[in-house]
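Both of the next two complexes hold chain A, though its partner changes from chain B to chain C.
Right after this comes the complex of A and B.
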C-alpha cells in the first residue's frame, strides 16, 4: 500500500468535487425540503394512528432517522460503477490499469477524496441543521465513536458492492440500467426511505443475511442508541466481516475481468 | 402533423441506438418500472403497521401515487431530457444548429429529446390506477374520469413548464443544473396528499409551483367527485405555463451565438 499514491488520487477526487461544488451546495440547500416532507408525513401518521411509538421509533427518533440517513448517505456516496463503465466505453480503462496503484485502490482513493469534501460541505452542515431544526440529539461518546467507525465500514461496503457492479461492465459494457437499479435497491434495502424495522418481519429476517442494512440502517441505529453496547460491538464486527467478504469477492471477480478485458491500445 | 412525424422518427432513432446494447435496454426498462414500485411498496409497509395518512385508505393512496407516477412518466417521455439537452448545447456552444432547423426550436428540441423509457413509468402508473380503481369500484366511464384526464394533462403541463423554465434560465445563467435538483426536490413534496402539510406548503403547491394538480387534484376528482370550483386549480397552471413560454421566447431573443 502506497499512501502517497492514494493521497495523490484522493486529491484528484477533491478537484473533481470542486468542479461540481455549486451542485453539491445546492443539494445541501435542498436537504430541508426532503426533511420537511418526512416531518409532515410522519407527523400525520403518528397523530392519526394515536400511538407514540411505531415499531420502536418515537416521532422524534423517526425524524432523527431521516436526518442521519442523509448524513450517512453523503458519507457513503459512491458512483464507482459509473466511472468504470465510462472508462470502459471511452477506452480509458487501459490508462487506469497502467497507473502505479492497484485498480481498486485507484477508484477507492478517488471516491475517498470526493467524500472528504462531502464531509465538510454536506455532512457537517446537515448535522448542524439536524441539531438546530429537527431535534437531532447528541449521541453518547461511545455511540458517536461507534457511529464514526460504522460509517467508515459502511463506506467500504457500499463502495465494494458498487465496484462489483461496475466490474460487470467488463462483460456487459453498458450498465446504465443496472446502475439505476443499484441506486434504488441499495437505498431501499439499506433503509434510506424507511427504517428496516417497518419492513415485514419475514423481509427483515432475509435482510439480516444481506450486506445492505450495514450501509445505512446499522450506523443510524448505532447513533440513535437503540442498540445495547454488546449489540453495537456485534454490529461493527459483522460490518467488518462484510468488508472482508466483499473485498475477497472483488479480488476474485477482478482477476476474471482482467483476463476477459481486451483493448486496442492507448 | 410534421412534428408528430419528427417525434416518431426520433423515437425510432433512440430505440435503434439503445438496441446496440439490448441487455442494458431491457434492464433500463425494468429499472424505470422498479424505481416506481418503491413508493407504493413503502406505502404498503406503512399501512400494514399504522392507520396511515388521515382521510386516505391504502387503495386511495395507491390511486394517488399511481396518478403521480403516470404524470411523471408522461413528463419523462416528453420533457425529461429537454432541459439537460438544451443546457448541454448552450454550454458546449452548439445550440445554433437547432435555430437553423425548419421547425419551432422548442418543439424540435422536445421531439429530439423524447425518452421512450418513460413509457415503462406510464405503464406502472396505469397498473396502480387500474388496481386501486377496481378495489375502490371506480368507473372510468364517467364525467369525473374525463376531468381526471384533464387534470393529469394539466399536471404534465406543470412539469413541462418547469423544464422550459430551467432550460430558459440556461441562456441567462449558464450553470442552471442546480435548478433541476431544486425542481426534483420540490416535486417530491407532491408525493403525498396535500392535507398532511401546513398552510404554507399547500399554498406553495397550489399557487406558486402548482404540482398539486399532478396528483392530489386528479385523485380527489376521481375519489370525491368533480366540483366546478376545482377548475380554479387550472388558473395557476395556465399562468405557470404561460410564464415558461414567455421566458423561453425572451431567452431566445437574448441568445447570442459565439459563432461556429
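Right after this comes the complex of A and C.
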C-alpha cells in the first residue's frame, strides 16, 4: 500500500461523490423512514407475543440493532462490482490499468473516498438521530473502539468480496444477476434484514464459518455490548483473518483476470 | 539499447459467432461457436529513443492489439518485449509510470469530473512537484488551447475538446515513451495542426519517443520519418517513409505552364492527363524515363513559363500496399 497514491485516488472519490451530492442527500431521507418502519413492525411483534425479550433482544435493543445496522451499512457500502462491470462493458477499464497503482488499490481507494463522504453526511446524522429519537445508548470506550476497528475490517471484507465478484465480470461480462444475489446474500446472511440470533441454531453455526456475518452482525453486537471482552477480541481476530484470506484470493484471481483481459473491438 | 525491443509477439482472440434470429439466439445458450482470430501473428520490431514511428494498417489489421500489448494492457500469447528495460505485462505498475497512452476512442479521464481534476490525480500519482506541474500544464494548455474547456465535466466535452485534454493527461508526467492511438479523430484542421506542432516540439525538446496509429495520412507525412505497416497481424513494411515513396512512387505528376499555345505533345513513358491552351498536365513513369530527360526536352522545345513536379498523394501508395 502506498498512502500517497491511495489518498490521491480517494480524493477523486470525494470529488465524484460531490458531483452527485444531491442524490446522496436524498438517500439520507430514506433512513428515518426505514427506521420508523422497523420501529412499528417490531413494536407490533413484541406486543403480539407479549414477551419483553425475544431471543435475548429487548425491544430497545432490537431498535438499536437497526440503527447500528444503518450506520455499519454506510461504512461498508460498496458497489465496486457494478463499477467493474460497467467499466469493462464501456471500455473504461484502461483508465484504471494505465495508472501506476495496483488495480485493487485503485478501486478500493476510490470507494474509501466515496464512503468518507457517506460517513460525514449520512452516518453521523444517523448516530445523532439514534441518540435523540431511537434511544441508542452510548457504548463503553472499549466497545466503541472495538466497534470502530470492527467496521474498518467489515469494510475490507465487504469490499473484498464485492471486488471478487466484480473480477468475475472479466470472464462473465455481465454480472447484473449475480450482483443482485450478492446484495440479498449480504442482507440476509450478514444480518441487516433481521438479527442472526433469530435464525435457527444450526443455521447460525453454519453462518459462523462464512464471512457474511462479519460485515454487519459482528460490529453491531460489539457495540451493543452483548459479548464478553474475550469474545470481542476473538471476533476481531476472526475478521482480520478473513481480510487476509480474501486479499490473498484477490491477488490470485486478479493475476488471472489480467491475463484473461481482452477488450476486443477497438 | 533500443527503447522498444519486441520479438515475435503473438495474440489470438476467440470471436464468438452467431447467426441472426431468435432461434439462433436460443441455440447459442447451449452451444456457442467461436472462431480463433489471429490478431497478431508474430510481430518483431525495434524502435530507438526519440523516434516518431507511424503505425498504419487497414481496419482490423492488429494495430490496436499491438498498442495494447505494448502499453501493458494485454498479455500476449507468446513472444517477448523489453520496453524501457521492462516487460510491460509483467511489471505493469512500474511500467505505466514511464509511458503515456492516448486511445482516441476511449477516455482515460474520469467521466463525471472536469479534465483538470484528472490532471491533478496524475500529478499526485506520478508525484510531480507543484511548480513543475504548473509550468507543464500552462505550457500544454496554451499550446492546445483548452483553457476554457478543462473546467467542464468530461461527459460534456465535444470529441475534439476531449481529445486535446486526453493528450495533456497522457503527457503531464513527461513520459519517455508515448503511444497515440488515433489521436487526431474529432479534431478540426486548426486543432490538428496544433497537435502535430505540439508532438514535434515535445519530441524535439525531450527526445520523447512516439508511436502513432492513424488513418489520417497527413499525420504520418507531417510527423513520421519511419512507418510500420501492419496487415493480417503481420508487419508488411518497416522502414523510412521516403523509401516507400521511392519504391512505389515511380510515377510523377508534372504541371507545365507555357507562354505559347500548346501544339501536340508526345514523349516516351509520358501520359498526357490534361491539355489546355497554355497548360499541360503530365504523368511520367520514371522507370522508363528519368525526370531530367523530360524536363530537358520540355525546356528545349517549348517556351516554358513554369514547371511543377509533384508526387501522387500518399493515400495512393498505402492503397497499393494494403491491396498486396
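Observations, loosely collected:
In the analysis below, the second predicted complex is superposed on the first by the 263 of 266 C-alpha atoms of A that agree within 3 Å, B and C clash if a C-alpha of one lies under 4 Å from a C-alpha of the other, contacts with A are read in each partner's own complex, and residues count from 1 in each chain.
Operating definition for what follows: a contact is a pair of C-beta atoms (placed from the backbone, for glycine too) under 8 Å apart; a residue touches a chain by one contact, two chains touch by 3 or more.
Predicted model, so just to flag it, every value in this text is computed and none were measured.
By the touch criterion stated above, A:207 is placed in contact with neither chain B nor chain C. By the touch criterion defined above, A:149 reaches neither chain B nor chain C. If you count the residues of chain A touched by chain B and by chain C, you find the higher number for B.
In the superposition on chain A, A:262 makes contact with chain C only, while chain B stays out of contact range.
Within the superposed three-chain model, A:139 lies out of touch with both chain B and chain C [touch as defined at top]. In the superposed model, A:30 lies in contact with chain B only, and not with chain C. Of the two partner chains placed by the overlay, neither chain B nor chain C lies in contact with A:253. By the touch criterion defined above, A:19 lies against chain C but remains apart from chain B after alignment on the C-alpha atoms of chain A.
With both structures placed on the common chain, the touch criterion links A:11 to chain C but leaves chain B unconnected. The contact surfaces that chain B and chain C form on chain A in the two complexes do not overlap at any residue.
Every residue of chain B that touches chain A in the complex is listed here, in rising order: 21, 23-32, 34-35, 38, 41-42, 45-46, 48-54, 175, 177-178, 181-182, 185-186, 188-189, 191-192, 195-198, 201. Of all residues in chain C, only 13, 15, 64, 68, 71-75, 89, 92-94, 96-97, 101, 103, 105-113, 117, 121-122, 124-127, 153 touch chain A in the complex they form.
Listing the residues of chain A that touch chain B in their complex gives 22-23, 26-27, 29-30, 33-34, 36-37, 40-41, 43-45, 47-51, 54-55, 172-178, 180-181, 184-185, 188, 193-194, 198-200.
Against chain C, the residues of chain A that register as touching in their complex are 4-5, 7-9, 11-12, 15-16, 19-20, 91-92, 94-95, 97-102, 258-259, 261-264, 266.
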